[in-house]
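Next up is a structure, given as structure tokens.
Think of it as A, B and C in the order they're written, each chain with its own count starting at 1.
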Amino acid sequence: MASTEIVHAHAAPQGFIRKYIFSLDHKIIGLQYYFLALIAVFLGMGLSLLMRIHLIWPTASLPIFGDIKPETYLMFVTMHGTIMVFFVLTTAPQGGFGNYFLPIQIGAPDMAFPTLNMLSFWTTFVAFVVLIAAFFVGAPLHGWTGYAPLSAVPSSGPGEGLGADLWITSIALFCAASLMGALNFITTTLDMRAKGMSMMRMPLTCWAWFITAILGLLAFGVLAAGGILLLMDRNLGTSFFVPGGLNFTGQTSFPPGGFSPSTDLVKHNGGSPLLWQHLFWFFGHPEVYIAIVPGMGVASQLLSTFSRKPIFGYRAMVYAMLAIGILGFVVWGHHMFMSGMSPYSAFAFSIMTMAIGVPSAIKTFNWIGTIYKGRVRFHTPMLFAIGFVSLFVSGGLSGPFLAQPVIDIPLHDTAYVPGHFHLIMGVAAIFGIFAATYYWFPKMFGHMMNETLGRWHFFITLVGTYSIFMPMHYLGMAGQPRRYSQLTEVAYLHPLIPLNRFITYAAIVTIAGQFIFLFNLFWSMAKGKKAADNPWEATTLEWTTATPPPHDNFGGRTPVVNHGPYEYSVPGAPRDYIMQNDPATAPVH
Amino acid sequence: MGLALLAIIWLITFFSTYFFVAKTWWLPVGASAAAPWIDHQFALTYVLMGIVFVAAQGSLGLFVWQYRDRGSASQVHYSHGNTTLEVLWTVLTGVLFIGLNLMGSSVWASERFEPAGPGAVQVEASGLQFAWYFRYPGADGKYGRTKPELMDASAGGEAAVGLDTGDAASKDDVVSGTMYLPVNREVDLALRAQDVIHSLFIPAMRFKQDAVPGLIIHMHFKPVQTGDYEIACAELCGLGHYKMHGMLKVVSQEEFDKWLASKEAEKQ
Amino acid sequence: MATLSSTVSVKVPQTRQGGGGSTPPTFGGGGGDGRGGNGSPDYGERLRRARLGLAVGLTPVIMLFVSFTSAYIVRQGLPTLDLRTNTYVHDWLPVNLPWVLLLINTVILVVSSVTMELARRQITRQAALAPVTSIPGVSLGEEKKFPWLGITVVLGLGFLTGQWMAWRELAARGFYVATSASSSFVYLLTAMHAIHLAGGILALLYSAVTSLLRKPVEARRIVVDITAWYWHFMALLWIYIFALLEIAR
């Protein structure tokens, strides 16, 4: 007989402001993060569309934007990268789904520090506004990586004045917000698990959010340090990153009126551009794992649920994520093989980078092993989970090329690199977000998303994104450099224009296909088929509670956990799934 | 649906692999001494990764079809995994990845751990927004002094690198917008940058190195084929990054000497 | 839309999809929300959670100063290209630090750490005795409440003032923020520490305010406890920075 108990739950807030604007409820905050990321992703996609169009039709005059100057193209490049990496990939999987479902999946009524949680969202929001403000004063052109001295000297190009200061400020605010979030995730996971929910019984999504939070905790402080030093170089005349004797007369058209070498540049002395790279990439490499690890957790969760089979090698999956997290901190130099860094350091970094391929491979084998001898149901969330695995394989296998310094010589800073990282971050991680959306939509909104529209969305996006990013590997091998606003000046690039045109057409179709998702999302919230409490017949705790979950998640009671998270098709059980808080009658794992 | 997924995944795998195998778009023909070694390591990597790629995508596609839910005909094999298999494929993957890296490390060592040999051609490459200038030290083998305050890119040539004509060593320095090199001789390239980070990239030579302000970075390579090779900038350097290109002309030793002599004569 | 209904009720477990014959899921007693079985807040759990949060939260602060330290050490050893001779030279200029003044500031901060600790222990005792004093008729005598917290605030402000004076002295000696790499780091490290310490002072003022608002002493105790540990960390951090700047000049 189930035990029931009267517990005074949190009093729910009243009033629109407290309920929806400054909510302390992790579920509302999760939705706020999600919708912020949704706005950001469409903005980021729009920028990439403008970039692709300009590459193929560089002299075309576009509606609203007119002629796209080279510096405008580079502004698009910079803002696209910054928006996507920070406000989509670091926001939706962790701040969005992590916030919403971590407490529920571990059986807690909320995050450890609800007020801090609210603050972390609104700080992220302000960071976003500050970044968008840069558009209006001339956004920087130095790429999301912001290498000094290009980013450290305001006269290096248009947008490198106030625009760059706003960019740095936005990122600094984002650092603070992420750190607040990481604090919450870690404390909640360590201290608020329900009875019986040991660490090794947590769903892999919880492990993913936990490890991602630890990565963020250790990495964002370093980015903040770099940003502070950069702001000082730009505004206080310090020389952390700027060496002496710089001369900018080569660029005769900017600043307007020309540049005089007798002005403030000679005040700088002795700074090291490589120092910025070290600080940035010490953060930047863990950041890409922050972007992908939550997606890995979602993939594990969905592959198991929709194959009706436990995840193959739960412990190995946990250790692999931990290994990826730890190794992720010692590989940053692989972004710097050509930078002038010591070749001995390069060798050390490359060994570690190959090593990090091993846990990634283990996870891939285990995902495929989960499907093996399972019983696959092809609901839309599962389609995106399968797509995730395929894209992770493709994007992951171009890594070992770049990880070897000799092979990096021809490939560094060519289109090969965006091909590699877009397949992983720009597609696989996005597939993780899509998969999570289709999967958890019923629990969040009480309706099902439309399956037909979901399938169209899946196939268009899978074929479309492969068509965009796989060819970039070929372009890179042929020597097409990154971040070129036009392919007209360097002669050996001319034969590559037809393939670039193909990519642009693929991008147009793929981006159009995302509106199917957008329509499906909003239409289903109102008109979708009503969802039961557990439409997928899944085992984890969010499916034990009402749809949508009540304010304290479990209606005044807390669950007691008796089973692992992936007990599907247990021999001898009455149904093909055992929920985590089912009584301990079946063999306990 | 399982069949559709299998078809799509296998088709994507087929087309991706096809263009790699057919080398429809590929590295340009190598023209340096190091190119065959680099290309060999590249080929080894892509064969091994290609096998893994086909195997992984193939099995993914196969399994989602083979193990689709067929109602009562489906029998799920309840299992939490297989530790032996985990250990096995972990070790194999580790050996493959690390082994591959170690095999390429000797090429890296010879390229980068050792400086240029004696007798190498000396060239200094200066990157600035948005052009490359190449300086030859002349008969005295010494580069003359340069001063940032003398730099004036609009005047081109010696002024672009800020050559201090007062320095005795500057007298025989030759500055050119085109890099000339004699074939079959190693070149000791000194890379510099005047304003922001640039990167000298010559695809056919399998050569790339960032030019960093505040540093003089020495790098060497040996062209083994005459011809004209385009140079591209491979590090974002501002609005003109896309048009910051140059040209390397590899010629016979005689032609190189003739060219250098004619440039010296121009200075008088 | 997520509903946010308040729930204070006994609920029977709902039947689930595809159920049928299986026993209902188990739900257990309190936990997770800092509330004990009798409905009153579990301050012990809240304190533990707050301390865990602080430990986690200090990690990025450590990473920030680790980054600054590594930049400092690297820059110190980095040769600079002298364009006149085209050779690399070491151009690190040790800063003439006003170490007497900084030493006095260090003493002030360490003393403030002592007073902070006394304040922390004082309120811990008060919180422990709170249940006793709430019994009507029981009195423990007028405990003289020495204003340790207030003294800590004053000492903290004194430290910040002393740091400001140190900057004035540095400027007088010709070391401004952009004078040299070494002077940049002196200002950077001391300023970043001062900003974090100012945050700690704000936390102290907040805990003073909560006492005026008459929040329960157990809740106030948590605020003071966390601030105290943060304060001790700031003192240790300062000692580290001072040692770094003096020893690794």
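Remarks
By our rule, a contact is a pair of C-beta atoms (placed from the backbone, for glycine too) under 8 Å apart; a residue touches a chain by one contact, two chains touch by 3 or more.
Model, not experiment: these values are computed from the prediction.
Note: the chain lying farthest from subunit B is C, by mean C-alpha position. Across B-C and A-C, it is A-C that has more C-beta pairs touching. Between the CA-based centres of subunit A and subunit B the separation comes to 29 Å, rounded to the whole angstrom.
Averaging C-alpha coordinates per chain places the centre of subunit B 48 Å away from that of subunit C. Subunit C has its Cα centroid 30 Å from the Cα centroid of subunit A. Of all residues in subunit C, those that touch two or more other chains are 80-81, 83. For subunit B, the set of residues that touch two or more other chains comprises 148, 214-215. Annotation for subunit A: residues 243-245, 270-272 touch two or more other chains.
Residues of subunit A that touch subunit C in their complex: 1-13, 19, 25, 27-28, 31, 107-110, 112-113, 179, 182-184, 186-187, 190-195, 217-222, 224-226, 228-229, 232, 236-240, 243-245, 267, 269-272, 275, 278-279, 282, 444-445, 532-535, 537, 544, 546, 548-552, 554-560, 562, 574-575, 579, 581-583, 585. If you check the complex, the residues on subunit B that touch subunit C are 143, 145-148, 214-216. Contact residues on subunit C toward subunit A in their complex (touch as defined above): 1-14, 16-33, 35, 39, 48-49, 52-53, 56-57, 59-64, 66-68, 71, 74-75, 78, 80-81, 83, 91, 177-178, 181, 184, 188, 192.
Subunit C meets subunit B in the complex at residues 80-81, 83-86.
On the subunit A side of its complex with subunit B, the touching residues are 69-71, 74, 141-143, 147, 149-150, 153, 156-158, 243-252, 254, 261-262, 266, 270-274, 307-316, 338-340, 343-344, 346-347, 350-351, 354-355, 357-358, 361-362, 364-366, 368-369, 371-378, 383, 386, 389-390, 393-394, 397-398, 400-401, 403-407, 409-410, 412-414, 455, 459, 462-463, 466, 470-471, 474-475, 477-479, 481-487, 489-492, 496, 499, 568-571, 576, 589.
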